[in-house]
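Quick one: structure below, then a few questions.
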Amino acid sequence: MCGVFGVSLTNRNEAARYTFLGLYALQHRGQESCGIVTSDGEALATYKAMGLVSEVFNDERLLRLPGRIGIGHVRYPRPGQSSVINALPLLARSRYGKVAIAHDGSLVNADELSEKLQAQGVIFQTATDSEIILNLIAQADTTDLEQAVIMAARQLQGAFALVIMTEQCLIGIRDPLGIRPLCLGKTEDGYVLASESCALSTVGAEFIRDVLPGEMIVIGSQGFNSYYYGWHGEENLCIFEYIYFARPDSIMSNRSVYQTRLRIGSQLAKEINIAAEVVVPAPDSGVAAALGFAKESGIPFELGLIKNRYVGRTFIQPTQAMRELGVKIKLNPVNPVLKGKKVILIDDSVVRGTTSAKTVQLLREVGVAEVHLIVASPPYISPCYYGINTSGKSELIAANYSLDEIRAKIGPDSISFLSLDGLYRAVGNGAAQMCRACFTGEYPVPIPGEKPNDEYKVRCV
Amino acid sequence: MCGVFGVSLTNRNEAARYTFLGLYALQHRGQESCGIVTSDGEALATYKAMGLVSEVFNDERLLRLPGRIGIGHVRYPRPGQSSVINALPLLARSRYGKVAIAHDGSLVNADELSEKLQAQGVIFQTATDSEIILNLIAQADTTDLEQAVIMAARQLQGAFALVIMTEQCLIGIRDPLGIRPLCLGKTEDGYVLASESCALSTVGAEFIRDVLPGEMIVIGSQGFNSYYYGWHGEENLCIFEYIYFARPDSIMSNRSVYQTRLRIGSQLAKEINIAAEVVVPAPDSGVAAALGFAKESGIPFELGLIKNRYVGRTFIQPTQAMRELGVKIKLNPVNPVLKGKKVILIDDSVVRGTTSAKTVQLLREVGVAEVHLIVASPPYISPCYYGINTSGKSELIAANYSLDEIRAKIGPDSISFLSLDGLYRAVGNGAAQMCRACFTGEYPVPIPGEKPNDEYKVRCV
Amino acid sequence: MCGVFGVSLTNRNEAARYTFLGLYALQHRGQESCGIVTSDGEALATYKAMGLVSEVFNDERLLRLPGRIGIGHVRYPRPGQSSVINALPLLARSRYGKVAIAHDGSLVNADELSEKLQAQGVIFQTATDSEIILNLIAQADTTDLEQAVIMAARQLQGAFALVIMTEQCLIGIRDPLGIRPLCLGKTEDGYVLASESCALSTVGAEFIRDVLPGEMIVIGSQGFNSYYYGWHGEENLCIFEYIYFARPDSIMSNRSVYQTRLRIGSQLAKEINIAAEVVVPAPDSGVAAALGFAKESGIPFELGLIKNRYVGRTFIQPTQAMRELGVKIKLNPVNPVLKGKKVILIDDSVVRGTTSAKTVQLLREVGVAEVHLIVASPPYISPCYYGINTSGKSELIAANYSLDEIRAKIGPDSISFLSLDGLYRAVGNGAAQMCRACFTGEYPVPIPGEKPNDEYKVRCV
Amino acid sequence: MCGVFGVSLTNRNEAARYTFLGLYALQHRGQESCGIVTSDGEALATYKAMGLVSEVFNDERLLRLPGRIGIGHVRYPRPGQSSVINALPLLARSRYGKVAIAHDGSLVNADELSEKLQAQGVIFQTATDSEIILNLIAQADTTDLEQAVIMAARQLQGAFALVIMTEQCLIGIRDPLGIRPLCLGKTEDGYVLASESCALSTVGAEFIRDVLPGEMIVIGSQGFNSYYYGWHGEENLCIFEYIYFARPDSIMSNRSVYQTRLRIGSQLAKEINIAAEVVVPAPDSGVAAALGFAKESGIPFELGLIKNRYVGRTFIQPTQAMRELGVKIKLNPVNPVLKGKKVILIDDSVVRGTTSAKTVQLLREVGVAEVHLIVASPPYISPCYYGINTSGKSELIAANYSLDEIRAKIGPDSISFLSLDGLYRAVGNGAAQMCRACFTGEYPVPIPGEKPNDEYKVRCV
């Protein structure tokens, strides 16, 4: 999961500032590194660094990124790749002049493409899919960049939402299955591309529509053109965007993320009937589902867990001795609304189970009478190969343990998951076509070695 | 408003780590600078810098702060004093050996004391009250530090919650009116002092009790002694702690901050009857009151405004042109739950009115049918001289305009404030004795030039 | 001008520390950026940054660069390329596995090669020759890296001294004309390559010999092999190394740099007869020549100009007003040995003339009776295209003005240059074959547009 | 040893820039920390930090230091005091308004004064003499600052050259013995005070005269007044300034430092007769003495040791293994001028002997036939208490070993020191009155516990 943003203005030389604000709104999609490339019509300028958008950029830095066209990227950490050398956008000179590219998603055939290119004499300076894609573009047998992008895109398998720019134009392109999101907006003076609509809202742009699966949008000084290079008739958007990734205020594929989460909570209350005195969310990602649950069930909602907002990037760990004494770093309980109560804890998902276990333990220390963990998604049983980079299957608790074992490991009095059907109902029309490989093992782009019908101890029902 | 923390352990050399975690839990009380002093029994070590606790300290820095005893401070910015030279704790050599001090609050007679001391030949290297207090301690006509602290405290007028340490002991002391909070906790291996109980919880310490107004607690290796140097029979704790400052999970003067805010919301719903479709809090400080309001009124609660969590300290400002296009930096609306609706917006307080005006404007842009601003406190009409450092009276909107004028300036369809009596009811027993000078102009420590019966256009009812 | 270093040890995992020290000794060859790549036999690790070697690297950074094999680079600034993206070594994955490369010199056909490669679909992420060379290596039609390096080298026109490494081996290669230097040394546990012998001495390695023009040295775990891919029978080493670039304690092509400069000074004294009372060098590069001049002429040598050793990288400039008052930043005169004296000032070279003019002006302000500028090299009339990056011809004072005009612009009572023949004599055997294009316009590798027989107002005699 | 600078301009608001340049010229007197205070007539502004002047200050920082009057300081490290808290100048509010002070030297009665002041209730926030002095000034029984400075100065024992400033005036004052230097200069628009005349030259100011021992100079807007508060008839200037501290281009007490060093070298050649082939200085401090020696003796001078100019502050150390292999960090030999030769090595002084031993070892490794160490000062047998902070007596090699033992420890074929009488001759008139306690144990200000007639194995002759 990463965030991409692009802007093409007609008159204002403010691409850097727009891109900065857009990335700032997409910061939740990646906090490791960020970067911006802009064009003043004659040259591309860039700055990339490790850290948050608000730490990396300041007025002085933006002043050195002049021009009307810009793209930007916020990067989510991937194991072993935490170096500024892998920060995006990637900027290179090529037969088409200077080209920059930024990518959200993950290619399934990256190794295969990379080896093929290396055998042809290509060198790779980064560990990014973007460098593979840019080389495919540069090697396309055409003098037309737009054509080259399509030729490259057709060789890619997996998930990609790309923004690409040259000195004169901005391109947005989405994979034929539409696994990763990308949307198009209009500002007074031009067009904007972004991973989520919250970035459009932040820069004051009006939402036009999602870029469609298999669509390429080319924005020039006169407006934009659309090319359908791979449209398959349906959209396999990642369903986990609604559960965890996307910001609540985003509208994605015509669904409000916030309202979808409310409906998920409501659906949970319909499926799960537990006598409890209070519904408490695991902040921040469980809040909307917990609100929906509380409304439907009539059990009072309380913000019983407070999240410290000041966690830095290199947080000092407590010693083991202190840990045993019950040190609380990220979450603190509001004791009076919890102590002695039968509590329903709503978390958005359970991947490895470690975070949920800590939260349950925290509630136990407060002295709750009971704690029932209700998970606002089905059991997470299969790794994502399309950009989420969760742990491998061996680390996925629901892929390796029975419901009872999971409950014992995490520690609540009961644990309940949303049903797959319930998720579909909450998400609504089209949900059944979305990519839910993490819950079912059914990969829209086949993964060598992954059995779609793999048998799990925990099954989605 | 600042945050102080102190710890005295018996065996573990972990004072720095405890203080770090304690300050981290108190970070909401001041983000400008922070500092820690520790003692290994023979020498005091210190580190102070501008910035957040998680930015300033790391493992390497903590390793250079050895010992069992420590104090720390997070500082709230004051105009014209934003320099590391004013960061606390203050550490000095004196006739009592090395002494360090950290202060939450503000002295009313600071200038008078400083001038008197200067006339006696004292030099001042900082702009802090702490330096005045430490000089008074050093000039006390006694060889006993505890006695000296009391002699100094008796000369101070205003608000102070102090932590003081030497190589061998830790002292906590609170002003005779108890305007600023300070509480005492017990950890497995010693004692802890903190501005708020959330810091005790964070370090795994058990809450014992609040330090009382006019009480000095001296913690040595054998336990602690208590001295009542100025007990007046009642506590004038700052009522604004419940409205805005304190963290929701803190217990202060036996009241849960979170529950008090719920009751404030509930009280608001009893006082104010507006036909609306949705209750939306201004995040984060208005959330608990909005929840209380929703419960009492039956109007649905929604998290209709999303706060960006990644705002840095030196945030780049949008240009005027972008501002006019509707750029949204800190808050973004969740359009579907707001558009076309009659909205009640709950904010914790209105001081200058600028923030509220922006929030109302944001809702207007979304296209709400109506927006009614309900403020979870009475009109703020008088400056605080005890450590809050809000603007002067000329900048307080409620001190200068009528309710109608305020409404017109901020822009909602209606504006309502909590009644003073309602605030007392929500806070409960003892509320009427608390310092509420900001709402009434009645200062428990007289302020030269402030008329307690000042006439305001807006009166608390 | 840059500096390269490489080391291959047999047993010790100290390549990073050797490379650090080697680069530190070569720091005078480039202060803009520096970088190190090491191999632990399985993976290559790298760190590069702007700044001096002693600023960029510390113990922590070196610990993250494990292994027995390493290369490093110090980079001289080139206009418009001052970005860490152009810092070397360049590290990439290729059909030969991971390969890293660092380059001293400049290719004459870089643009031509780059365009050809781009037309074949290659993308370029940096502005370095190294990226061109690495692509040529990767595109060579062979599976053998050593063969590929030779195939690439044969396409290069211009100056290059390269160090190249893979996970298992270290390669050093020098251009067929030997314009830029590279030497080979032996340490107790392996082999070392460096631009200058001073780096061998610094790491405690023994000088073996210069890598020869057109030679490639491949160092593996068993020793080294030598390949002569382009030996032309003579060496066209840059003669300016002896005049300015190289460190005095280096031995280059069997000549001591320090002693060569002494001989240049001596030769100057034979050619130029001026009645003066004191010989003063422009520090530091003029010192050895001034010593040689003083010995031969019998005129007393004095260190009459003191250089401030603490000049930082971003030095604050004095205001124009202060400048007019005679502010002295880099050089300060020792008045008593200068005032009222007839002074001979020895500078190593005159390129644009501005530095010399400032030095002469400084002596004038002291009140010297006369100042005679003697330049320890012939007039600099032609731009260097092989790595020196002096200004273009329009900025070379000797290419545009007569001797009289130069004297008038720089300001001494007289100005004298070393004769070309005198330079040959001082340098000794082989001097006439060396690259002295800057003094004669005769380029060993033809430069399109440069006329070797160009007519200049100032001619070398 | 530290450096102080002060400037008072009449019209130009450029005090910060002058002070910056002045400190930059005095950087050799202290590299640990630096600071500047300026006055715009109404307020004092300051900035202090660890590091070199050129690292700490830039244009932006200087812009925040407005005004016509300024003082600055460069600090030499003292064991256990390496913290920015001890950086000078010290700035404080007092009964005289804001006052800032910077100090070169060391008080002998600092502990006594500090204890007395603490007993009176004074607190100390730093470990500096300046804080003691400023408290004495603030406690003087007078309303007149100038009078107060004199009253304070009369209580000080030891060495001090102070610059003091208020919003309106600049004061320079030197101890009654004149141990540490301070001189006065005139610039077009005002007056300048500096530790050494090289700083006057750097800012384009004309040297007027040294501030005299026991003199206070008060510079206001109308010119300057002089007060003789403690003139004793003679000057006990530290003789080591001529040997090592001062910059060669400074004129101190009417003697050129460079020429004095030449005379020391010449005197050495008269005293010591060794048949050698080459004279080599230990750079940089031995260069002028070696030149003088070579001229007098007729033995050729060579720069046989090259000093690396790029040593950073936190230099990475080679491993023990590398050390044994002969790694050379700071100094590199020019082999051809040393190998097989009988070498005279001239060093400025021998304090602990470790540096000299390394240099001798370096020459041995080159393969010199003989190395004779000639020291350009008498044996250093007594610690300095006036600001130099050399090691204690136990670490002074000449205080603990015989000449033969010293030779054996350092390793040359012979070792010779300058005679005390020879030093007097080289320094000239007044030398016998100068402070030479380090060579004779005769302290002009008595040191408790130091026996002026102490018996040493090595005696000055």
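Details
When the chains are written out, they are named A, B, C and D in that same order, and each has its own residue count from 1.
Basically, a contact is a pair of C-beta atoms (placed from the backbone, for glycine too) under 8 Å apart; a residue touches a chain by one contact, two chains touch by 3 or more.
Computed from a predicted model, the values in this text were never measured in an experiment.
The greatest centre-to-centre distance from chain A, using averaged C-alpha positions, is reached by D.
Centre to centre, using the average C-alpha position, chain C and chain D are separated by 36 Å. For the pair chain B and chain D, the distance between mean C-alpha positions equals 50 Å. With centres taken as mean Cα positions, chain C sits 61 Å from chain B.
Taken residue by residue, chain A touches two or more other chains at no position, since every residue touches fewer.
Under the stated contact rule, the graph of chain-to-chain touches is a ring, a single cycle where every chain has exactly two partners.
Residues of chain D touching chain B in their complex: 90-95, 99, 114, 118-119, 121-125, 134-135, 138-140.
Residues 12, 14, 17-18, 20-21, 24-25, 27-28, 31, 52-55, 57-59, 62, 187-188, 198, 201-204, 247-249, 251, 256, 258-259, 284, 287-288, 291, 295, 300-303, 306, 308-316, 318-319, 321-322, 325-329, 332-337 of chain D are the ones that touch chain C when the two sit in their complex.
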